[in-house]
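Same chain, two partners: chain A is paired with chain B first, then with chain C.
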Partner chain A sequence: MPTSTNASGEKIWKLRTRNETLFRWALWLATIIAFYVSWMKISDQTTWFFVYDAPRIAADIGGRAWPPRWSYIDQLGGAIWDTINMATLGTIFALFMAVPVAFLAARNTTPSKTFIRPVALLVIVSTRSINSLIWALLLVSIIGPGVLAGIVAIAIRSIGFCAKLLYEAIEEIDSTQVEAITATGASRWQTMAYGIVPQIMPAFAGIAVFRWDINFRESTVLGLVGAGGIGLQLQGSLNTLAWPQVSLILIVILVAVIIGEWVSARVRGAII
Partner chain B sequence: MSVTLESRLGTGWKKPHFIENPVLRWGLIIGAVVYLVLAFASVEVNWSRVYEGLDRGWKFIAAFSSPDFTSRGADIREGMIESVIMTVTSTIVGIAISIPIALGAASNIAPLPVYLVCRFIVSISRALNEIIVAILFVAIFGFGPLAGFLTLSFATIGFLSKLLAEDIEDMNKVQAEAIHATGASWLQWINYGVQPQVMPRLIGLSMYRLDINFRESAVLGLVGAGGIGATLNTAFDRYEFDTVAAILILIIVTVMALEYLSGMIRGRVQ
Partner chain C sequence: MLKLDKLTKVYKTGDKALSDVTLKIPGGQIIALIGPSGAGKSTLIRCINRLVEPTSGSVTLDGTEITTLGSGALRRMRRRMGMIFQEYALVERLTVMENVLSGRLGYVGFWRSFLRKFPQSDIDEAYRLLDRVGLLHMADKRADELSGGQRQRVGIARALIQDPALLLVDEPTASLDPKTSRQIMRLITELCAERGLAAIVNIHDVSLAQMFVQRVVALNLGHVIFDGGPADLTPEVLTDIYGEEDWEATIAKVEDEEEET
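And now, the complex of A and B:
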C-alpha cells in the first residue's frame, strides 16, 4: 500500500506510489505542452478580428436564414430519394465485397495466414482510413459527377468497416459447432454454410443496419463534391448564398437523420 | 404392410429459414426486390463518361506505385501539420468538455433536469454531420484551422459523452456506495468511487476518438476548415494523381500508426 510519512512520523494513505504520481504528472505536463504548441499554431493562422466579429456574423446569417423557404421543399423529394439510394445500394455492394474479405481476414477461416490474411487486412485498413468524402472526390473525377460516384464511394468506404466487424465476429465463433459439422463429413463449403454462417448471421445483420445508418448520414453531404443527393442542393444554395434554402435543407437533413436512426434502431431491435 | 426404405429414412432435414413467418419473409423479399428495381432505375449513369473515366481510374491506381511526395512537399507538410494540431487540440478540448457532460448525461448520477439538458447537447452534436458543422463554422469564424478545431471538438463531445455516460450507467454501484459511506463529498465520490471504474474505458475511447478526429481532419479542408484536405482537393482538381497517392498513403500510414498505438494503450489499461 502506497503511503507517505508526515512531519510527526505517521504514515498516511496515498492513492498512488511516488513513481506513479511522477509518471502521471509528466503525462499531464506533456499534454499541456502539446496543447499549448498546437494552439499557438492555430492562433497564428487565425484572423482574430473575424472571431471577435463572429457573434454579429452568426446573428446576421441566422437572420438571413430564418424563416426557411418552405416552398423549396418540393424540389428536395428527388434529392432525398437519391440520398437514400446511395446509402442503401452502397451498403449492399459493400456487404457483398466485405463478406469474402472478412472470411479471408479471420484467423480461423483464412486459407493462408502468411500471404492472404495480410492482404485482406491491408484492404480493410486502407478502405477504412479514407473518408467517404475523399472517395467521392476521387470517383467524381474518375467516373463523373452523379449518384453512381456516391454509391461506389459509400461502398468502398464501408468495405473496411463491415469486414473488420465481421471478421472479429467470425473469430469469436464457437468452434465446437464447426467441428460437429466437419465430423459429419461436410465439405469445406458446407462447413461454412452450416457451421459458421448461422453463428455470424445476427452479427452480420446488425453490422449491415448499423453501417446503413452511418452511410445515410454520410450520403447527405457527398453532394458537396458532386456525388448526388441532397448535398448537391446544399452546395447550390450555399454558392448562391440562398440562406433560407440552406436552413430548410439542414432541417430536412436533421429530420431525415433522426428518422434513419429511429428506423435502424427498430430494425436492430427486431433482429437481435 | 411393407415398409419402404423411404418411410424408414423419413423426410430429409431442411435448413430453417432466417425469418420463420412466411408472410413476413415473402413480404420482405418482394418489398426489397421492388425497392431495388426502383432504385436502380432511378440511378442515371452516363456510361460513355464512365468508360472515359476508366483510363483516369487506371492512372490513379498506377500512381500508387510512384507517389510524388516532393513536388508539392511544402504544401503536404503544412497540411499534415495543420491536421495533426487540429486533431490534438480538438481531442484534448473535446475530452475536457465531454467529461462533465457525460456525468450529466448518466441517469444514475445526474438529477433529471441536468440529465435532459446534457442528453439534448449529446443528440444535437451527434445528429449534425461534421462537414455541415464545418461549413457553418467556416462561414462564421472564417477560413482556417480554428473552424476545423471547433468542429472536431463539437463532434468529439457527442461521441465521447454518449459512450462515457453509458459506461457510467453500467458501473458497479457497490464501490461507489462504499465511498459514499466513508462520508466523502460529491467531488470525492466522483473521484474515488466513479472515476477509477470508468477510467480504462475513457482512455480507450479517447484514443479511438483521436484516431477518428485525424481521419475527419483530412476532409475538413474540402470546405475550407484547414488541414490536409485542402491540399488533397487541389491535387484532385489538377488531376495530379501522384500527389494524391502520396497524401492518401500518408493518411493511411498515420491512421495505421494511431490504431496500433491505441491498441497498445488500450491493451495496457484494460
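And now, the complex of A and C:
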C-alpha cells in the first residue's frame, strides 16, 4: 500500500511500497551482474591482439581502397538496374500474394476463424521467419543463379511482412462504414470494394512503399549468394581484393539507397 | 406497412435486448423510438434489416416476411430500407458523390460499381438529391472534409437514393449541435412526407422528438412501455421510461421552443 499513516497521523504517499522498491533494486543488480559475466566471457574468447591491431589494418585497407576506381562505374550501371528491378518486381509479386492472405487472416473478413485463419497465419509466420538471403541461397540452387532467384526470394520474404501489416490494418477499420454499405443491399464483394478497400488504401500504400524501401537494401546483398544485382560485383571485387572497386560499389549503393529513401518518402507523403 | 410481431433478440452473452416487441407502422408514418441507453433501440432497427439477426419473431414489410429470407432476397429487401447512422457512417475516403451513389449498390453489378460506371439515371438522381439536401457544390469533396451536419445530409441522400419504402434512422442528431439537430430532423421529416416514407427514428432527445413526430414509442429493457402521441409524454410517463427525475423542465422547454418556431 503506497499510502500509509505516520505516527503523527499524516498520510504518507509513495509511488511504490517497500517490497516493490526492493524488488526493483534486485532486478537492477541482477542486470549488472549478467552484463559483467557476459563481458568476461566475450573477453576470454577474443584474441585481443587482433583488436588492438584493428585500427592499423582498417587504415591499411582504407588506404588501398582510396581513391575509388571511378572507371569501374561502366560495369555497375546494369548491376544497379538489376538490383532496382529485383526489389520492385519482388515487392509487386509479394503484394499480389499478400492481399488475399491478409483478407483471409483478418478476424473481420476471414471466411472461417477456425480453419482458414490459422492457415493464413501460418503462411505469414513461415515466410516472415526466414531471411531473404537464406531464401536466395535455396532458390539459387533450385532455379539457378540470376535475377529471377533474387526476385522470388524477395517476394517470398515480403509476403508475410506485407500480409501481417495489412491484416492488422483491416482489423482496425471502422465497422460502421462497412455496416452502412451492407445496409444498402450491397453484395459481399461490393461491401469489400466500397466499405473496406477505401479504408485500408493509405495503409496499403504505406506498406508497399516501406517494403520496397527494405527490399531495395536487401537486394543489394543478394548477389553475394549468386542471385544477381550489384552484390555479384561486390563479391567478385572482394574475392580479388580489388579494394578500389569495393569502395566504388559501396558509394554507389549508398547513393542508390539515399535516392530510394527520398523517393519512398515523397510517395508516402503524396498518398497520406 | 411495417409489422413487427413478437420480435425477440437474445445476444450470445445471454442479454435479452428485445423481448416480444410488437409494432405496426403504416406507410408514411414517422415514429420516434425513445428510451434509456441500452434499452434496445439500436438492436430493434438493426433487427429489421438484419444487420443483427433476430432470435425469434417476425418482421414484415409490405407483406414480405424478412426474417426468413435467403441472402440474395435479403439484399433485394435491404434496398427498400434506407438506413441513417449516428456517426454518419460515410466512407470517409470516398467523395460525396461516391458515397451517395453507394446507395445504389444493391441495384448495379459488381464491376459496374467497382469501375464507378453507374447508370445515368442514378447519377441524375444523385445530383437531384444533393441539390435537395443543399450540398450540390460539395459533390466532388471527400467525405472527411465535411462538417457533421453536412455529412449527415450526405447520409440522408445515400439512404434516399435507394428509393426505400422505409427509413431506419439511428440517433441522427446525437453528434450534432442543437441547431443542426433541428435542421436534420426537419429535413428527414420533410423528405418522408414528400415521398410517403415510413420511418423509425431512434432518438435520445425527447423534446426534439416531440417537436417533429406524431407518434412516440418508448422501449425499456427490450419492452415497449409506451406508444402514443407526443403530448401524452407527461412527467409520469417519462419517469416510467427513464426513472425518477424532474421532467417539468424538459417538457416546459419544448413548449417554449415551439412558440418560438
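Note that the second predicted complex is superposed on the first by the 239 of 272 C-alpha atoms of A that agree within 3 Å, B and C clash if a C-alpha of one lies under 4 Å from a C-alpha of the other, contacts with A are read in each partner's own complex, and residues count from 1 in each chain.
Rule of thumb we're sticking to: a residue touches a chain if its C-beta (ideal position, glycine included) is under 8 Å from a C-beta of that chain, and two chains touch if they have at least 3 such contacts.
From a predicted model like this one, the values you see are computed outputs, not experimental measurements.
With both complexes overlaid on chain A, does A:20 touch chain B (first), chain C (second), both or neither?
In the superposition, A:20 touches no partner, neither chain B nor chain C.
If you stack the two complexes on chain A, which partner ends up touching A:50: first (chain B), second (chain C), both, or neither?
So A:50 only meets chain B here.
Counting only touches as set out at the top, which of chain B and chain C does A:194 meet: first, second, both, neither?
Touch partners of A:194: chain B and chain C.
Which holds for A:88: it touches chain B only (first), chain C only (second), both, or neither?
first
Applying the touch criterion given at the start, work out whether A:38 contacts chain B, chain C, both or neither, answering first, second, both or neither.
first
In the overlay, work out which of chain B or chain C sits against more residues of chain A.
With both complexes superposed on chain A, more residues of chain A are touched by B.
Which partner does A:172 contact after superposing on A: first (chain B), second (chain C), both, neither?
A:172 sits against neither chain B nor chain C.
Take the contacts of chain A with chain B and those with chain C, and give the residues found in both.
Dual-contact residues (chain A): 194, 201.
Could you list, by residue number, the parts of chain C that touch chain A in their complex?
Chain C residues touching chain A: 49, 51, 75-79, 81-83, 85, 87, 89-94, 98, 102-107, 110, 113-114, 155, 158, 162, 168.
Contact residues on chain A for chain C in the complex?
Residue positions touching the partner: 174, 176-177, 179-187, 189-190, 193-195, 198-199, 201-202.
Once bound in the complex, which stretches of chain B touch chain A?
Residues 15, 18, 35-36, 39-40, 42-46, 49-50, 53-54, 56-57, 60, 81-82, 84-86, 88-89, 92, 127-129, 131-132, 135, 139-142, 144-146, 149, 192, 215-216, 218-219, 222-223, 226, 229, 232-233, 236, 239, 244, 248, 251-252, 255-256, 259.
State the interface residues of chain A toward chain B in the complex, per the touch definition above.
Going by the criterion above, the answer is residues 15, 31, 34-35, 37-39, 41-42, 45-47, 50-51, 54, 57-58, 61, 81-82, 85, 88-89, 125-126, 128-131, 133-134, 137-138, 141-144, 146-148, 151, 194, 201, 217-218, 220-221, 224-225, 234, 238, 250, 253-254, 257-258, 261.
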